[in-house]
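My structure is below; once you've seen it, I'll send some questions.
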Amino acid sequence: MVLAEKHKVVIKQNIQLDEDIYSMWLEDSYVAKNAKAGQFVSLYLEDGSSLLPRPISICEIDKELGRIRLVYRVVGKGTLAFSTLKGGDEITVMGPLGNGFHLEGKNPLLIGGGIGIPPMLELAKQLDGEKKIVLGYRDSIFMSQEFEQYGKVYISTEDGSAGTKGNVIDAIFDHDIRTDMIYACGPTPMLRAIQAYAKEKGMKAQLSLEERMACGIGACLGCVCKSTERDHHTNVNNKRICKDGPVFYADEVEL
Amino acid sequence: MNTNVRIAGVDFKNPVTTASGTFGSGMEYSEYVDLSRLGAVTTKGVSSVPWAGNPTPRVAETYGGMLNAIGLQNPGVDVFIERDIPFLRKYDTKIIVNVVGKTLKEYCEVVERLADCDVDLLEINISCPNVKEGGIAFGQNARSVEEITSQVKRIAKQPIIMKLSPNVTDITEMARAAESGGADAVSLINTLTGMKIDIHKRAFLLANKTGGLSGPAIKPIALRMVYQVANSIQLPIIGMGGILTAEDALEFIMAGATMVAIGTANFINPRATIEVVEGIEDYMRKHKIDHISQLIACVK
Amino acid sequence: MNTNVRIAGVDFKNPVTTASGTFGSGMEYSEYVDLSRLGAVTTKGVSSVPWAGNPTPRVAETYGGMLNAIGLQNPGVDVFIERDIPFLRKYDTKIIVNVVGKTLKEYCEVVERLADCDVDLLEINISCPNVKEGGIAFGQNARSVEEITSQVKRIAKQPIIMKLSPNVTDITEMARAAESGGADAVSLINTLTGMKIDIHKRAFLLANKTGGLSGPAIKPIALRMVYQVANSIQLPIIGMGGILTAEDALEFIMAGATMVAIGTANFINPRATIEVVEGIEDYMRKHKIDHISQLIACVK
Amino acid sequence: MVLAEKHKVVIKQNIQLDEDIYSMWLEDSYVAKNAKAGQFVSLYLEDGSSLLPRPISICEIDKELGRIRLVYRVVGKGTLAFSTLKGGDEITVMGPLGNGFHLEGKNPLLIGGGIGIPPMLELAKQLDGEKKIVLGYRDSIFMSQEFEQYGKVYISTEDGSAGTKGNVIDAIFDHDIRTDMIYACGPTPMLRAIQAYAKEKGMKAQLSLEERMACGIGACLGCVCKSTERDHHTNVNNKRICKDGPVFYADEVEL
């Protein structure tokens, strides 16, 4: 187990990708060295009125240059503050945290919805086999081109402005995509639909979940989800998303 | 320089422990801090049977603090005894077990199960605002504070700390009731009941609607209560509520706390406990204080 | 878009007033904000005779908030009537006069003196933690809340708002007592009693030892209390405690407050009141809310 | 009356003068235009956990370049934060606040003690007549040379390492200094001694006082001092240091 100490790192680049989406590269050789696809980091704010860390998934890992990339959507005080930082500024990070994806499957299917898309990028890089990638957007498209080098990319948009009109499940049906392992990250309704779809088709799926966190390391029990089995650690039907997840097999959790 | 403190015949190498529920049973934080550097580890509230806790969202950030409504999820006393006590005993630190129940009977069951276990003190949580029954209801009425204290004392083999709620008109009344009931010490404060609304969704942020407010925002209230209690009973006090730094901890000690507990600060900085221990030592060195007891209740 | 609210037959152009004691009688802040843009100005507590208040230091900063122990220094009701009412009447805003006393008789004297004055409502402060007699002592006991309410109502010619203390076990009990006593509205919260110690001087930071905690740190507690009271009595509520921004104010309104008061925020930003007024308007515009009443108590 | 709105300004320079003493020039044409010697400004912190403004006296005013100078001692969180700022950074200011000194006297005596020295500089510049300037230090000397162009400078140090050993009163006796108007700023015990001295000698004195503040503009009644007469505004024997002061005639206040 890697010790994920809090540490200050320098921001290499922080650029806007879309209306409220930003991409940040950090000079963080520690996290770069130790991180797996699907893990996340806690980011801290400088302003002492906001004390809790912000969990952000790792989007890309550059082990050679000792860098990691985070892609985030501005939704509140913390992400707004991050968006104002510039290359050369410092930020405090703790990580890598959580368990990450298990790399398996011969023809994996990667599904990202909205701000669940970024963590699929490092996974796409690392997975072997023939990859299919489904990206679901509300309207505006970001990052889709970055995925093209790793597999066949399918897009869905809610307003139909690109790809399949509808959601990611619609796109899967549309293109009759088959797989032996689904990887998915995105809003809970999307994950719930994928869970149901996987069950129906008898497919395996790994889902990356999200919940409000305090400690980020498994101590506070703030971030639990319902587990189908009694969890060995908590001795109730709860798993901690930060420590036992954020990635779970679809049949481990109730959404 | 001597940082030893003593509560109910138990010696602690220093006055710093963890606030129940913010440190699990120490397992997760043992990666960040050497638990043997702490005066004691106070564990998450444990009940007679496993509790599933409240629905999520269970935590929310507030200005200078946070709300939680975990609802005392815990694996039950059996798993605790089997797994957590042996784990903690590997370290050279004292063990304080936080005990919860929905009824007086449940509190007593846990205390009885723990009676022959290798733990140093029990902290009876009569102040959790996040469960429907038990918890705070016991802690807001002097008569029931006294009642539960004396019942628990009858069974317990370890010294008993009563953990008081700040959601009361007069905390000294509750402290005196704990003293009359035979408590060996009191700890305070638990969280203050609070709320947050998401104005965009027009909904409560926590599934439980209300949660317990903790963190530096509440420190002035906690400090005032520790001072009041120190001046109204003879029992030793474990002070907590918003301690982030050694300076904060020293305020509590000077106001009358024999020990201090670090809670929410762990979430912000996993090394907070150790930094408080070291900061207290630095202060004593700088101000040439030989023994920590010279600081306890030195501000009157 | 309509931001009008009504309390006890008085119409306010918008739901924003000032928290007593943080805005003087509006004179100093009138340089920064157009008082006519406010729903009302609530003035500093006024007593029958001048009060000198507490020794200094009277204020201290805390994490996300502040402590004050002004001790209700005020020039007395005669100067207030002569100087402050005519000043405020130059503006198109309502006047809420905060009334204090050391005894029931003193409260009644002030209310009587104000009966024939041109002010719109009286707010009876039974919750100041910074004076030895009166103040909070009246506000921590349901029977005395009801008693003082009904006594004051007997004399008053203006509607009466009872200002409740958060330093109680159950604020709904006090709210119900105010309602039974015949109050026209309640306002909450006053400050929470707190303390700060200077660890270098090993002394209290405030000359009064304790002070009232205000500012954003206490907002979650205030919001919870407003919600609880809104769900236990029929009277309109003026909500306050830690409001810095329009978002904060909207939380109180959604929790059940008909009006909100801006306190400590004035010290941080003299234009805070106006920015809250404008922010509420922006929110209503953006979310297509025709009338502010659609937001009051919309979160249940 | 000048409206002292809160405003953001650029820091021109922020340098260390002595162990814990810093000097900051601000590009603040508004305050420069409106300020009088002896007035102060409120400085705000960026960190939302510290909300109250920090009152700092104006040390120099450069009306031509539209700049003001502040000299401050690092004693806590706020002044520590200010000390880390660099030229080009921004800071939020409100001012000018308070009343300032009345310029009078033919042979004025200016007395500054410790961090009460800086506000004497602008006063020394503006006052006419033959000026004597007494500066009291604990040990280390700062800014004394800057005063030399405006009058005769006398120094006292507690440890006797320079000038008269002792306090400012000792220096006054030492050099038998006579005056028709004392101006003083410094710690309360010093001001109390000057008040007594002035009374004894039948001299007039203007004293600049200090107290913990919240609003800084006269509304909260946090910063009062005892006044000898019933104050017209408060109708009790209290004056507000922020609004009625910080400068008072020695016979107006009880220290």
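Here the chain labels run A, B, C and D in written order, and each chain numbers its own residues starting at 1.
Here is the rule we go by: a contact is a pair of C-beta atoms (placed from the backbone, for glycine too) under 8 Å apart; a residue touches a chain by one contact, two chains touch by 3 or more.
Just so it is clear, the structure is predicted and the values come from calculations on it, not from any experiment.
> Going by the touch criterion stated earlier, list every chain that contacts chain A and also contacts chain C.
Chains that touch both chain A and chain C, as defined above, are B, D.
> If we define chain centres by averaging CA atoms, which chain lands farthest from chain D? Would you check?
The chain farthest from chain D, judged by C-alpha centres, is A.
> Return the distance between the CA-based centres of chain B and chain C, expressed in whole Å.
That gives a centre separation of 34 Å.
> Distance from the CA centroid of chain A to that of chain B, rounded to the nearest Å?
Once rounded, the distance between the two centres reads 35 Å.
> Between chain A and chain D, what is the gap in Å from one C-alpha centre to the other?
56
> Touching at least two other chains at once: which residues of chain D meet that condition?
In chain D, 48-50 touch at least two other chains.
> Can you list the chain C residues in contact with two or more other chains?
Expected reply: 63-65, 216.
> For the protein chains shown, what form does their contact graph take: line, ring, star, complete or other?
It is complete, because no pair of chains fails to touch.
> Can you list the chain B residues touching chain C in their complex?
The contact residues of chain B facing chain C are 62-65, 67, 140, 167-170, 192-197, 199, 202-204, 209-210, 213, 216-221, 223-224, 227, 242, 244, 247, 250-251, 254-255, 283, 298-299.
> Would you pull the chain A residues touching chain B in the complex into a rising list?
Contacts found on chain A: 1, 3-6, 44, 48-53, 94, 211-225, 233-238, 243.
> Which of the residues in chain B come into contact with chain A in the complex?
Listed in rising order, the residues of chain B that touch chain A are 21-24, 28-29, 31-32, 44, 50-53, 56-61, 63-66, 68, 70, 73-76, 79, 215-216, 264, 266-271.
> Mind listing the chain B positions that touch chain D in their complex?
63-64, 216
> Considering only the defined contacts, which chain D positions touch chain B in the complex?
Per the stated touch rule, the residues are 48-49.
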